[in-house]
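Okay, so subunit A shows up in both of these, paired with subunit B first and subunit C after.
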Partner chain A sequence: MLKYTLKRLLAGIITVWFIATATFIAMHQVPGDPLMNDKAVPPEIRKNLEKKYGLDKSVPEQYVIFLGNMLKGDFGISFTQQNRKVNDIIRDHFPVSATLGIMAIFIAAVGGVLWGALTALYRNRLPDIIIMFLVILGISVPSFVFAALGQLLLVNINSFFGYSILPVAGWGTFSHMIMPSLVLGLGTMALLTRLMRSSMLEIVNEDYIKTAKAKGLSPTRIFFRHQLRNAILPVITILGPQIAAITTGGFVVELVFAIPGLGRYFVQAVQQLDYTVIMGTTVFYGAFLVFMVIVVDILYGFIDPRVRLK
Partner chain B sequence: MNSYSPSEEDFKFVTVLDKGDQLTRPSLSYWQDAWLRLKKNTRAIISLYIIIGLALFTLVGPYLWRTDPALQDLNQISQTPSFPKKAVVVGPYKRWAGIVLNDFPAEPEEYLDFIPAPKNLKVVDAATTQQVRLSWDPVVGAGGYNIYRNQREPESINDLGLPLGSTLGGNEVSYEDRLNLESRQYYYSLVSTDGLDESDAYISIEVTPQLTIELATAKSRGLVDESSNEINVEISLEFHPMGTDYLGRDMLARLMQGARVSLFIGIFAPFLYVLFGIFYGGSAGYFGGKLDAFLMRFADFVVALPFLLFIILFKIGFGIGPGESGVLPMLIALVLLGWPATARLVRGQVLQIREEGYIEAAKLLGAKNHYLITRHIIPNAMGVILVTLTFAVPADIFTEALLSFIGMGVAPPTPSWGSMCNEGVKTMLSHPHELIFPALFISITVLAFNLLGDGLTEALDSRMRSRE
Partner chain C sequence: MKAFSFILLSLLFSHASFSAVDATSVNFDNQTITIALTQEPPQLNSMKATDQVSGFVLPHVMEGLVRYDRRGRIVPAVAESWEMNEKNVTFHLRKNALWSDGRSVTAHDFVYAWQHALAPKTASEYAFILYPLKNGEAANKGELDIGQIAVKAIDDYTLKIELERPLAYFIKLAAFATYFPIREDFAEAKGDQYAADVDDLLYNGPFILTEWVHSASLKMVKNQNYWDKDKIHLNEIHASYITADTRARLNLFIDGKIVHTRLDGETYKDALTQRFRIRKFSTGSVFFLDYNHREERATANLNLRKAIQHVFDANELVNKVLGTPGNLPAYSTFPVWLQGIKGKFRQEYPATIPELDITKAKNYLELAKKELGVERIPPLILLVGDSPTAAKQAEYMQGLLKEKLGLDLKIDIQTFKQRLAKMTAGEFDIVAAGWGPDFDDVMTFGDLFASWNLNNRGRFNNAEYDRHVRIAMGSTDPKVRMDAMGRLQEILYEEAAILPQYEQGVIYLMNPKLKGVVRRVVGADPDYTYARVVE
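Moving on to the complex of A and B:
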């Protein structure tokens, strides 16, 4: 167990290094540089600026310095937001994205398991047909359309009741979070519902369900104790990659609902070619995702005793 | 011993008399069998038809619907979808003097407590969108009249609608309305005044102006010949079956061109990286050993890259020059990041197939590597590969739409369904059709490919095959 964890962590660290290198290379392929955004500056000042940000050194030198600073956990200063450290930007805005992501994952997981179990229970009957129709809709409609429709819905609800029940955009209180996280979680929820349904239906035919029936267990007990518990396992496996999908999918929702999350800053930084912010956020996000997947895999070993982690 | 000499007779075909004992079905190849089972799946077949329809829409559509998708017409911004409209060409507006009765007093001779509503409110000349001219009979005791216009039938004196104007004498019994007239039903109402205060009675008339277009305007919009001087002829206006966008561009033409971008990226990118994935995963799985370990470790790294962030990075890394659409950078970015999933899958398949008995048999018969790969391994892995391809298409259409939506996709003015959604969201409240149509096209396409993928998975599943 410990050996497995250490092995995965080591692989994770190498992956993060790979991500950092790939980002660095991609970054230096981009035509232009962040100082071009400013008004034309005299060559002397430009030289000073280049010195300040370390752009005067050769690319391999910059790479070594970047890796060294990264090990110390320092991503440097933003180019466009003067004197603001990239670490500060991440510290200020990542919690917003993370809160949104966690809420969305929570909604998606609970909803997916619930709806999936329900459809399996009412197989080929009306609830199943309705839910599966909604699932197909959830998989086929892009998240930004959901975001726009969600906002439209809020506008209509608020104007119908005459006062603001849920805010249409912005961030701060719990009521701000409800609609964006719902919108963000919808796609994943649809996916999980489908997965849960098929895994529930597969388990019905397993021998241990027959045994449980033969033992004379009550249908409710069989449903919760044997069927549901085993059916959740594949859902947990897919949760790791889905966390990745949701955190990056948050971009759009952050944009539509004007949420000050890290995704919005990343898009902005890319548009302004803010080297340090781009590299900082990418490496941070990459590391976060890599370790989330590891955590989910390790948790899986605890939940399913049949899985031996080596 | 009898010597036997064969004759002609011995080499004739024997006629089979009884066919009743034949128990075998006609032998079906893997693909014939899969096709038969796919045909039974109604949803998948409907999806297939939808996909063919979309392909026709994209490829043939622009030849049938010849409106230029880039043509901006600021006269027709954000028009809602409509049927074809016809308009009558008219000459320039001619001033109308109005009707002033000389034998009727302008000021009321005595102030009455109650002034009745005017009678005989009628339209003079033809009511057109150029002008609507009204006249009515004078009322004794009136010092003027107020004219209102409403888009529905007034229920009471408080519901007369937009106050258009008033006449300032009891003998001025006409009014000309030229205020933003459209070809729709209007209710004009008339109330007498004593010069200052309104009466409590009104009279209403329903008018539906004829859609007209001035000759000069029609010429400038290219609807009639420059040399034409004909008036009072009916011409068809520009037809926008799906309305126009915020720059007055035809939505249908833009959707067709956007489909080219979206479907090109959505189909070509998966095709390329599935091809690469087959090559990569196939060699890893087939040769095995250290090469396999190395190749797969590298694929693991690429999988771990945060997808959307790197798509954006790569895309800007390749750069978009002025005047370029940005389709190619996006294609390259998608291919660079998309291949590992297929590579893994193909590797797994190859590892599995390599152990099969028929490979062993072929090897014993002296088959070479490339024969094994092209003749046995690839055809047997093809089913799984096809399913991956079908599911990769909607995923990439989504990615393209998402990137274009956040402004990181194709560069304007090139339309793609995603960038059209991005533009449509801004006018979502007032003109929802600009968002709904592209969103609908994305959804239907993604849905069709997903359902087809489901159907293919079932049809190609060998477990299902043996069950029958």
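Moving on to the complex of A and C:
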């Protein structure tokens, strides 16, 4: 188990290094640079700016400096927010995205498992058909549509009651989180529902279920002990990357609900070619994703003894 | 189930105005308002700020020697009075202008700020706005020491300045954020952290910042040390939301959470159905198509540009393509709001409106083909930004030139930085560009097409144009300056150097209980300094 974990960790580190290098090369291939602005600056000032940010050096040199700083965990200062360190930006804003993401994942996981099991139980009957229709909707409609509709719904509810039941946007209290995390979790919830349903259906016909039935176990016990536990495995597999995707992919939701998350910085940095923030957030997210995948792999070992034996 | 979904759907799509929500955007008793910002202020260091949001926050919390009043006139601020004599300017500072820690704002604070904004090490993008100071430009380029910039504190309350040359609008420049004071001991103690957070900045404006949660909110509170605090009615301005999404801001406005929101083509329609009063404001910016005048380009040909000039109708663009109210058709680089000698510049020096004449245009086009030695003009590259409106305008131009002149336009849509890179490298035939004023004088538009101006990205190069810019720069006599500017306007028309498209207008909503908000072409916009909540 230890050897297995170490091997996965090493592979993870190489992956992160590869992500960093590929992003660095790609970023410098994009025409334009972070110092360019609406108003042209005199060459002298430009030179000073280049010096300040180390852009006066060649790209390979910049790469070496970047790698060195990265090992020390320092991503430099932002180009667009010149008084802020990229580390501070990640430290201040990732917890917001993470809080939102965890709530969304919680809603998605509970909902997904519940609806999935339900549809499998009522296979091809009305509840199944209705839920599966909603699932297709949830998977195919992009989150910005849900975000806009969700917010509009709040506006109309509030104006209907003449009182702010839930805030339309902003961040700070629990009530601010409800609608955004619901909106953010919908897609994943739909995905998990479908996954859960098919894996439940697969298991119904397995031999050990038949054995359990033959032993005369109660249907509830069969459902919880044998069906659910086995069916949930694929859900956990996908949950790792989904957690990473949700905590990082909330850009639109963050924008619409005015949430100070890291997703906004990530996207804005690309638009503004903010080199340091691009590198900082990409490496951070990359490492996070890799980490989540490893965690799931290890977790898998606990739930499914077969993995450990290999 | 059915009834529930019906309610849900009607809640989603109803536009019926129910009773107003508990509007927390204004509070009469506490004189408090709540606003939304479009983005986090990227830079509150006045030496380095360049963007609109910082340009909104800074003048609320800091103040220069002079400021703009409610009607947009220059009035004394930290300076009580001043004398201007050719190249010499002396400011007399008021003794009751204080920093937020209670100490006096002195002449030394201006000397420090100006010297350091010009210091090469600071690498301020707006350093050029201080170039009128004698030796300012040389110091910025590292040729002279910053100590040699001609700004001296005679004593704590007298600031003496020598200019490079007489400059009619220098006093107006002094209202600009780059000219704000910074106290040496404070800034030096903070180092790189200066202006990074609420405690890392000293305030001397009508308000002070008391809270700044990055990307989430800002809070401005009335400055009890402000010398003119009796004129300030608002106690607190909460910027509680930061989002660039116009629809989200409209929703916040409908929900009674913010006092002001700007509308775009989409949200405009929704605001209409909500029956809000829609207000208009001219931003003072001019949008135009800039031709590439580099020799190897077809657009360097005058007759080709004239052909386009005679088929383009700015009025049609404004009314049929832009679609939102407030924009004006542009016929000149100089927008209509600029001051002339006594009245408005454009009334004293009317711009020539190009006549729409397809035969004339076709004759110009034939001439152009002959001069260029081609049967057909090769497809022209039109470089534009990636906003939906930019694409719409580009398609309109494409259709227009094809239909009227048989010219092919290739639209090159680029994101912000990539467009700038291409503009600077000259990789375009025509580029959609715009210019907003830095200060309240015709010169902010006039010198844009001087051959030495780095923002003249089409490289328009005209000796007579340059000569008249120099005349205007070298004189303080309004008549001489305006005559020169009038000539600039004519040259741009005769040479069809650019194709003026529209003067930008914006539409917005404002809570009717908030009075005295000033919309400004230069400086903080919207300016809440003198606003008050009425019952």
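As a convention for this text, the second predicted complex is superposed on the first by the 301 of 310 C-alpha atoms of A that agree within 3 Å, B and C clash if a C-alpha of one lies under 4 Å from a C-alpha of the other, contacts with A are read in each partner's own complex, and residues count from 1 in each chain.
Note that in this section a residue touches a chain if its C-beta (ideal position, glycine included) is under 8 Å from a C-beta of that chain, and two chains touch if they have at least 3 such contacts.
All values derive from a computational prediction rather than experimental measurement.
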Per the overlay, which chain contacts more subunit A residues, subunit B or subunit C? C
So, does A:R84 touch the first partner subunit B, the second partner subunit C, both, or neither? second
Does subunit B (first) or subunit C (second) touch A:G286, or do both, or does neither? first
Using the superposition on chain A described above, determine whether A:A244 touches subunit B (first), subunit C (second), both, or neither. first
After lining up the shared chain so the two structures overlap, which partner does A:G162 touch, if you call subunit B first and subunit C second: first, second, both or neither? second
Report for A:P60: first if it touches subunit B alone, second if subunit C alone, otherwise both or neither. neither
Just subunit B (first), just subunit C (second), both, or neither: which does A:G216 touch? neither
Which partner does A:G73 contact after superposing on A: first (subunit B), second (subunit C), both, neither? neither
Once the structures are superposed on A, label A:I45 by its partner contacts, choosing first (subunit B), second (subunit C), both or neither. second
Touching subunit B and also subunit C: which subunit A residues? 30-31, 148, 152, 155, 255-256, 271
Given the complex with subunit A, which residues does subunit B contribute to the contact? 300-301, 304-310, 312-314, 316-319, 394, 398, 401-402, 405-408, 418, 421-422, 425, 428-429, 435, 439, 442-444, 446-447, 450-451
In the complex, subunit A residues that touch subunit C: 30-34, 36-42, 44-45, 48-49, 51-52, 80-84, 89, 92-93, 148-149, 151-160, 162-164, 167-172, 255-261, 264-265, 271-273
What residues of subunit A sit close enough to touch subunit B in their complex? 11, 14-15, 18-19, 22-23, 26-27, 29-31, 136-137, 139-145, 148, 152, 155, 244-245, 248-249, 251-252, 255-256, 266-267, 270-271, 278, 281-282, 285-286, 289-290, 293
Applying the document's contact rule, which stretches of subunit C touch subunit A when the two form their complex? 8, 11-12, 14, 17-22, 24, 36, 40, 42-45, 48, 50, 120-128, 140-142, 192-196, 200, 213-216, 240-245, 247-248, 251-252, 254-257, 415-422, 424, 454-455, 457
